[in-house]
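There are two complexes below, and they share subunit A, which is joined by subunit B in the first and by subunit C in the second.
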Partner chain A sequence: MRALLKMERPAWLLAAAALVVLVVINGLVQKGFFAPMVLQSNLTTFLPLVLVAIGQTYVILAGDIDLSVGAVAALVNVITVSVMAALGGSAGAIAAGMAAGILVAVACGLLNGLLIAVLRLQPMVTTFGTGIIFSALALWVLPQAGLVVPDAYWSTYGGAILDVPTVLWILLLAGLFVFVLARLPFQSWLKAVGGNRSGAFQSGLPLTGIRIKAFVLSAIFAGLAALCLTGETATGDPLMGQSLGMGSISAVALGGTLLSGGVGGAMGSILGALLLGMIGNVIYFAGLPYEYQTLVQGLIVLAALAGGVVLARR
Partner chain B sequence: MSDGLTSDINARPWQTKALTLLRDPLTLALLAIVVMLGIGEALSPGFARGDQIVRLLTVAALLGIAAAGQNLVILSGGAGIDLSVGALISFGAVVAGNVMNGADAAILPAILAAIAVTFLFGCVNGIGVTVIRIPPIVMTLGMMAVVQGGLVVFSQGIPSGNAAPALMNFINKPMLFGLPGILFAWLALSIAMVILLRRTSLGFAIYAIGANEQAARLVGLPVKTVRVLVFGLSGALAGLTGVMVIGYTGNSFISVGDQYMLPTIIAVVIGGTSLAGGSGGYVGTVAGAIALVLLQSLLTTLHLEVWGRQLIFGATLLVLLGMYGRQQAPRV
Partner chain C sequence: MQSKWFIAAVTATALGTVATGACADTFKIGLSNGWVGSEWRTQMIEEAQAAAAAWADEGTTVEVVVQSANVDAQGQIGQVRNFINQGVDAIIINANSPTAFSPIFAQAAARGILVIATDAEVSSQDAIYVGIDHKEWAMQSAKWLAETLEGKGNIVAINGVAGHPANEMRVAGYREVFAEYPDIHVLNEANANWDQAQGQQVMQNLLATYPDLQGVWVQDGMAAGAWRAIMAAEKKDDIAATGEIRKDFMTVWSEENLTSGASVNPPGVMASALNVAVLKLQGREFKDDIFTGTYGNAIYLPIPFVSNENLAEKLSEAEGKPGYWSVTAAISPEEAAAFFK
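Now for the complex of A and B:
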């Protein structure tokens, strides 16, 4: 038992504990919280941030940051919706729309990666700049919110596959991806690049390629989040997903990943994103006066972030 | 070089000097300002007219005052950045608006109240960063959410408070030599910032801590105190900006400052201050703020659609960043 405690404690343990506490509180304050329908609708709300936070983790592990994820999500959303509408809304059109969206996301990630890893521009300001460009392109593709998504798309997303809700499938697949990637050498390379960049360079790691891949991963997850948001809202909106950037960074930090890079993992970010969603949920159902909700939510998030930092140091 | 702690020790051939000058962010920002004014005047005659430039400088002053605090935080290093300036600008504006409520006599108390409250918020940022050792980006991000929540409670979500007429005149009407008072206030602040950074022990401490925190601690500099003070100053300057913003717009709403958060960082970076800390200065930031506002104004006069404007803005930002905001290559 002693030895078990002494073992390297995963950084996400704290987030997991906090999440359990919140689930219990949520079960008390929200009637029928554990009803399948309510769980599914909550998960539908939380899922986009969960996905973006996973991608953001890889960028942050490598010592960079990606502020453009929200804009990537908006661009993917309008591209997907436009392609589906242009091709007539058949099953093939849906597949083509999704593929086009993800391809665009890959292109966005490549651009970020090239600017930051090859041209060595400062990550935070660069992704803010590319974010402006991606939003501009989204406005160009679809100047106003509109266009209808084929029925089959949103009903599949809101429904179930093999009696399991689609959103749960997506969460499980994302979790599986995170689990597998954490066991591949790539994640250790990311940590090496973020933890000690010159050391990683001296030991011969291909820094540039690793950082570019992290940005592409982040953009792909932002694209997947956009596909989920599209299924949820069933429409195209060039201003979609603006809170995803800051939200994903909070989720990553809550999940125990160091924002300076090198330490952490995406499993924690999944929990961090769920935690953020649950905090909002509890406060909403706790019956606080409306105007106090944002303040209390802010205080809890700040306290959680501070607590995580303090406990992680022990 | 006008900024930074380096000086020309070696005499170098003039070609090298010219090249160094051309690579200097301040020179580049000034060059960009002149070029943009030229383009604007060529495309839309009257763009570079006196009153237009005054208008532009007024908007730049709002950004520049807030960016002064951001500049101090970034200079002091340790991944220092203040994401709460936008929310604190809003808070300063709402506090000032409620204290003065349209009365000229209450302007001074309003300014003091706004600055005092935001200074305290800033100090809390600093304490979180130094004592609890929360990374600045996380601490100030959390503070941003708390302040925004506090604003909702404070104002019940309704726009409240009015600017006093004298404050609005100070910002929007010519006061001396045809220039509004805010420009003189910005000039005074700029001089104070340059003196603070170049001529006081606090300024040297900020550079020293930003360049090498451990060395600064070893030579006995009060690293934590300086950092708390720097975050406090950033908050206070954001609060002051809030007062100016309510004077500019006439009344305040709870998200009035949000649009300033990332531009303050960009003005600092375009002005040549390294996000790693320890090098740069406020003169560059002034040029950066003017260049940023000028670019936005130029794009507005081009009568492009919103997306075209945004696209050029983003691309210009990246080009500017590419010209001198590049980071060091890893070395063996």
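Now for the complex of A and C:
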């Protein structure tokens, strides 16, 4: 019976429950939390981490890890902004800048994937190293924060399309992607590669290709997060996105995905990322003295992670 | 269940409205700090809190809410969003990026929130800057060094983080000054990332490379490290170098009788910005042509200077303070009133 319950309980249930609790608490401590403007503002803050966490999930499902996502975001940000600035502010320039940014992200993901899946380098050390290289490239492209993106770009991002906030569209589309991918064979392959690598190999799965695709997906989502950050800041900053690496891994773990690979899903990571953001909000609006805010935030994240592990072990 | 929360939320909103409406001379000001790596920042926030409390004597209640954590620019934008959602009257920010805040500051301004940047300038035209001019800060100590060396000698410079806006302004400042002295030769310009230990290491290397050195221009806390290297090399009587403004260093400076001088970036800049903010919130208008600087939105504050002449006086001010205490200064509400019509 207990085994059956465990089978039926989705991994992200704990994150969902915790999120509901935090939303209720936040609603109590912050007047006007449910006002549409405030919800949109919060979503704008959380969205980059949500996107990076989705991509990170696929890498982790395959038993790897990607520490370079923050640096990829910084590099995509400066490339996108530089291309837009070089081509002038037209709609074509905006499209070209976004395309250039995503292409660079794909290249970053391919490099990570080739080094790790083909050359068999250790993923944590490798992505730490490539992350340093991507950060250095970002500094080389744009040595000092600056440049301005066209008004149309950031006002669209901060505004609404068909009366629905753009950030909500992005979240819905990301959720749809996660939903569809979870029903394709690819996600089962990822889990097989992460959960039982030698078994996956023996059953004839193309391991190398699957792992490379996961790293490319992760980099693309880091690139999308960078496009969001660009919309939020309307500028290029080579030091942007530094918190996304560890933040995304925490979000994935909070969402019920095992860091050892093979078990979990990106829907949980979306909840995990929203949860991380809400923890910060609740602590602030609860009126804790600022000296203790970081400490309490760390304790709550640790408790949430530990709670998930303990429940999973039962 | 849901209706209960709804009632609670409505009650809270209603109570909030009553509270803000009841007393007109109550202002809520958000203080945002995006880096907690030095005691200087802690002192900056504490002085601003004290300045806010002092307004009570004038019959104005200034409530401050603080967000201070190590965050990147995006995280600090989150801090600003929280302030906006909370409905503060003004935001005072030591910003992590000169440009990344323009859209969020525009949103704040659209809701009638006053935004003042301090310590680090921002490009946004929806914000004003109240703080020191970092270029002028560097020029003062460079001038001191050039005059102490009587206009001739070999010097080196040790800077902070390459590419950081404040660092670039400072480098531009000392270069401009030293260019006016043809017999002063800048042999090397190194970066030590505003880190005391790195400052010491870089100074050791420079001393080994250039035996015939008369002067050192070095920024902030790195000066304590650089001076430690100079003293270890037993060259403290042959070299003049810029210093810094923490009590620990000034004590060494005095005991070892060093030839030093230091421009002061006072941690009180945020308190000064707060006094300006309160006056503006009270409905006063800025004088015309008060704003200067690269972005045309800056009010520059005076920059105190510590040299061998006034070192004893500054040390007596530091009496009873902890070793990390920095020499400080803030403009009072009366002085801030000079910026207004």
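In this section, the second predicted complex is superposed on the first by the 307 of 314 C-alpha atoms of A that agree within 3 Å, B and C clash if a C-alpha of one lies under 4 Å from a C-alpha of the other, contacts with A are read in each partner's own complex, and residues count from 1 in each chain.
One rule holds for everything that comes next: a residue touches a chain if its C-beta (ideal position, glycine included) is under 8 Å from a C-beta of that chain, and two chains touch if they have at least 3 such contacts.
It should be emphasised that the depicted structure is a prediction, and the values quoted were computed from it without experimental measurement.
By the document's definition of touching, of the two partners only subunit B reaches A:L137; subunit C does not. Once the two complexes are laid over each other on the shared chain, residue contacts for A:T45 go to subunit C alone; subunit B is not touched.
In the superposed model, A:F285 makes contact with subunit C only, not with subunit B. Of the two partner chains placed around the shared chain by superposition, subunit C is the only one that A:T233 touches, whereas subunit B remains out of contact. By the document's definition of touching, of the two partners only subunit B reaches A:S250; subunit C does not. Shared-chain residue A:G27: touches subunit C; no touch with subunit B. In the superposition on chain A, contact is made by A:T294 with both subunit B and subunit C.
Subunit A residues in contact with subunit B (one complex) as well as with subunit C (other complex) are 139, 143, 291, 293-294. On the subunit A side of its complex with subunit C, the touching residues are 24, 27-28, 30-34, 37-38, 41-42, 44-45, 48, 139, 143-148, 154, 158, 229, 232-243, 277, 280-281, 284-285, 289-291, 293-294.
Within the complex, the subunit A residues that touch subunit B are 115, 119-122, 124-126, 128-133, 135-140, 143, 197-198, 200-202, 207, 246, 249-250, 253, 258-260, 291-299, 301-302, 305-306, 309-310, 313. The part of subunit C that touches subunit A in the complex is made up of residues 5, 8-9, 12-13, 16, 36, 45, 66-75, 77-78, 81-82, 84-87, 97-104, 107, 162-165, 168.
Listed in rising order, the residues of subunit B touching subunit A in the complex are 79, 81, 128, 132-135, 137-139, 141-143, 145-150, 152-153, 156-157, 262, 265-266, 269, 275, 305-311, 313-315, 317-318, 321-322, 325-332.
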